[in-house]
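Next come two complexes built around chain A: one with chain B, the other with chain C.
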Partner chain A sequence: MSLVNFTTREITCKIVYYGPGRSGKTTNLQYIYDQVPPERRGRMVSLATQTDRTLFFDFLPLDLGTISGFTTKFQLYTVPGQVYYNATRKLVLHGADGVVFVADSQIRQLDENLESLQNLQVNLLEQRIDVRTLPLVFQYNKQGLPRELVLPVEELDDAMNFRGVPSFGADALTGNGVFETLRSVSELVLRKLSEEPSA
Partner chain B sequence: MTRMYAVDPWVEKPLEAFVVEAGARLALLMTPAGQVIAQYGFTRAVDVMAAAALGAAIVASTGEIAKLLDEPTFSVLNHQGKRHGILLAGFDTPRGRMVCLAVYGPDSTPGLVQLFFEEFSRDVRDACPETEAPKQVLAADFERELNESLSALFRT
Partner chain C sequence: MTAELNPRFTFDTCVVGPSNRLAVTACRTVSEHPGTAYNPLFIYSQTGLGKTHLLMAVGQMVRELSPTATVEYLTLDEFVEAYHTAVSAGTPGNFRDRFSHADVVLLDDVQFLSHSKEMQTELIRLASEFQDAERQLVLTSDRPPADIENLDDRLLEQLDGGLIVDIGIPEYEMRLAILQRRAEESEVEFSPEVLAVIAEFDVQHVRALLGAFNRLQAFQSVNEQPLTLHQARALMLGETPVAEPEAAASERGEAAGEFDRFLSDLKVTVTQQVEGWKTEIQDAITEWSGRGYDTKSLEVLLGQDVPGATDAAVGVFEEKIERLRRLEAEIAEFDPEAARHPIFKSPDRIAGAEQLVREAREKFIPPPGPSDAFSLESFAVGEPTRMALEAGRSVIAQPGTLYNPLLLVGPAGVGKTHLLHAIGRALDAEAGGAVACLAAGTFVEDLVKAIEQDRLSAWRAKYRHASAFLLDDVHEIGARLQTQEELFNLFNLFIGAGRQMVFTAKVLPQEMEGLDDRLKSRLVQGLVAMITPPDVELRRTIVRSHLEARVGSAEADVVDYLAERATESVRSLLNVVQRVVTGAEAMGRKLDVESARQLLEQAHKPEPRASSPGRASGGMAAPPGALRSQEKIVWDWPNMAERVIEELS
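Let's look at the complex of A and B:
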């Protein structure tokens, strides 16, 4: 849940990048880290295995600047995508204000995407979060691979995006679609915050 | 530089007293999700945002291990290094669970920090109001400023 400091007029929101293993969640954060000016970002923390697979999470704090008189900060997290890390995935998801679901566009990864999406819904329900009200954006990553290997955005939308939330084709390695995704989820999170009074 | 930052003013007095009396370098009070509610002490000693995220993760994961062992939640975790030690602890308040991360140097001890942490958690519980009147956060027409901020951030 967003943290609002009325004394210093600061808002802090948590955005979680979710999705199956090797879909490109960490690559999204690495690209953002590389592109954002140093004064607008903090240290990127990665808890990874020796083979650079996410073990617990990656963490990247961003300073969006002033919006409606509030200094607005986002904390970006990734979850470990591998199936057997569900316990840690739940912990990272706790308190999320918005979720980016990073799907792997490769045809052979469709089942993994669906399994991960189902897992997201189960984990949200366990935390009594209604997936219909949570700001959610889909990113279909690896669209830069040869056409015969990947599903087009429209087909991936048909397979996963039942709610018709914003979705973006992306190639996180080159940065294509990375900022569009972050921009979209940022807008959804802040719009939700503007619509409901802070407790 | 010693610095106080607090989302709510009621936490300032107990936090300052804790840091001073325990001889800590820095103390963070945060939500279980790792968002900093208050901080006091030498903030240059550590990257506050990263420390909060990591501290919350440690408390959350040890809490889950406690569940697996059918134990009540482990209340306090202490690590003592050569130059610095940390105390990590979760406790309940009228506003829900909170997590404290205290960093201390050789001029304090784990026992001393833990002793004053107990007092601090009691003081926070006593000072913490149950609810807060709702306040409007963002104007409905914030989109223009958001777009400007995002454009500046992403250099688009």
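Let's look at the complex of A and C:
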């Protein structure tokens, strides 16, 4: 996918929110959607089941206007977290410029987080994407829950963040940490763009 | 060449406050009445407080009021360079003419006069001439005249006779006024509070203030929205204002949400990351074009829409610059004029620059070095030579620092040349070569030849390139003015650069006929070491050593007999020893007192020698035939009948 087009002066970034089911990926996008002025956002497409579980994927297009002469557009996607939607995850992951791995901070969800992370790595490998160079940040969601139910950020980092990429504690329901995460992954994506420009 | 006056630096664009009011008033006065009010006018202040601005404002106003007036503005470096260029061209008069014909001379940064007596002399002459002719001289410095080291008292008096004013650090109100003026000039809108924030910072000079202004202007331009107080403070503290706090947002009366802040940060990131390559190239162009280099190849990159491999391109460009600088430095050692060729500022013409250097290197002929025939070990030690020898050893141990120059004085044949070359050899070994060691006669001949062949600059480069300069028989330069001028320039270069100079002379400098006083004074500014004719003890040492070297042993009575004969020089003593040894061998007799006496005191018809030990003054054990000095002629035989002239090849 072309990210920076110097000829047409356009920047387009595809960022995928990845993670286990019910970790809060859609909540992240909903919070962002709520904060964006109406003229800046497109229609958020969300295909969900009757129990509000993402069936296919969420898609939030953001038109960020002209930045330094570039028409800048961000496309935010989530993947369905459930194990049996792997084909959809692969499809959404295709062409991603950056990934936010949204982990559930609850102690009892640690195995699911690890399983999903492993699944992310497998899917990236299948698409011949070098996991070491793909812009990636971790968001440890639900940090707002009682302390006895969640793991602290440091422990979650120890368990999952082997590469030492940026990580954020978050509470997507209240918006805490949501934009910090988005800002961080955006910076990584844009930095990579400047290193490997594509016309 | 006079530097151009910056049209922005006028009195109209100068913000006046208590800290600079006196200086501005004085400058206005001399602009309106050049040469009659305060002459010379001397302005001093810390760097960046507007001295150059005022100096140029004087020049602009003089030209405005009197369009035919000749105004010369230049920095001290340019002043010195103009002087050196004129001297190098052998036309110092042109330098004086140039400034004598100016109506106003504006000289910047004169604090660097400290170590240049010649330039101080020129300035004294200029100031005096200007005062007489009612033409204006204005000087600036970063310190008051009394604090400039080694400033000539006469120059101090002249400056005291004019007006000396200083410029202080601008206070808050003046800083604010300067910022408001700059905002108007730049057509940039800042809120008054933001300008006040900048002015509150206690900067030490105006340049820092304007630098801070530019930083804030750039930040505001990138963000495409007015700078807030919070952001201004953060920038002044050297921080990156990545996010604007709620308090700051409320200052603007805007409820900037998280999305706005995200957008703002994203803009910075895009500018830095996506378009950063342009900034990088632009920075490189600004830097290198400012240093006079041709930056066309970078400008081509900037013209494209799509970034290339920016780092690599700038890296390659800078590698070429580095290569050019090395080539420029290399050719300057051989031919300083060639180093000014524009090709050394053009990274696209590296091959041509390399070719020029190759050619210069091939043409370069190193200066004559010290002779291998002389060594410190073979130099005779005795009371007459002790001081000179110790001085020589000190010079070898600390070249250029302890005794510079070292002048060895003594009559002919006492070992000056031996010691000079021995010092030269030791310095040469230490420096890895490039020691110039030659006789004054050779120096003069070489110069004359260079002038004839119109390659004076190459000749100069040859000697300037040397790590040390040793000249035998300096008194022989006599009244040759061009040689004296060149030697004077070499003096300044070598002493200034801490490179060793050693001279020999038959007489003390004050007794040297035709030699300019400035050279005489320089010859004695290091150490003058005398070598006197050998006393009996030294003669005994020399005779013993020489006999041992020639015949393997030295009878004490023979040594005494030969040593007690009166001789004025080591050279003549060695000739005597040589005669008796050769004579005894010819007669097939053992060398004893009787045979020696017979050879020296009885009638003896001398025969011209086919070979001679050559000049070995001061030598103890120089083996026959070891001497390879090309410039020495043996003159000191006991009488004319025995005189042998030998020129060794």
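Side notes on the structure shown:
To be clear about the criterion, the second predicted complex is superposed on the first by the 188 of 199 C-alpha atoms of A that agree within 3 Å, B and C clash if a C-alpha of one lies under 4 Å from a C-alpha of the other, contacts with A are read in each partner's own complex, and residues count from 1 in each chain.
Everything below uses one rule, namely that contacts are C-beta pairs under 8 Å (C-beta built on N, C-alpha and C of every residue); 3 or more make two chains touch, one makes a residue touch a chain.
Owing to the predicted nature of the structure, the values given are computational and were not obtained by experimental measurement.
Of the two partner chains placed by the overlay, only chain B lies in contact with A:T12; chain C stays clear of it.
When the shared chain is aligned, no partner comes close enough to touch A:V137: not chain B, not chain C. With both complexes placed on chain A, chain A has more residues touched by B than by the other of chain B and chain C.
By the touch criterion defined above, A:R40 lies against chain B and chain C together after alignment on the C-alpha atoms of chain A. In the superposition on chain A, A:A170 makes contact with neither chain B nor chain C.
Of the two partner chains, chain B is the only one that A:F59 touches; chain C does not reach it. Once chain A of one complex is fitted onto chain A of the other, the partner contacts of A:R183 extend to both chain B and chain C. Overlap of the chain B and chain C interfaces on chain A: residues 4, 6-7, 11, 35-37, 40, 64-65, 67-68, 70, 72, 179, 182-183, 186-187, 190-191, 193-194, 197, 199.
The touching residues of chain C, when paired with chain A in their complex, are 222, 257-259, 261-263, 265-267, 269-271, 273-277, 305-307. Of all residues in chain A, only 4, 6-7, 9, 11, 32, 35-37, 40, 64-65, 67-70, 72, 175, 178-179, 182-183, 186-187, 190-191, 193-194, 197, 199 touch chain C in the complex they form. Against chain B, the residues of chain A that register as touching in their complex are 1-8, 11-12, 14, 35-37, 40, 42-43, 45, 47, 56-57, 59, 61-68, 70, 72, 75, 77, 87-88, 91-92, 94-96, 179, 182-183, 186-187, 190-191, 193-195, 197-199.
Of all residues in chain B, those touching chain A in their complex are 5-9, 31-37, 47, 49-50, 53-54, 57, 60-61, 64, 131-132, 134-140, 142-143, 145-146, 148-150, 152-156.
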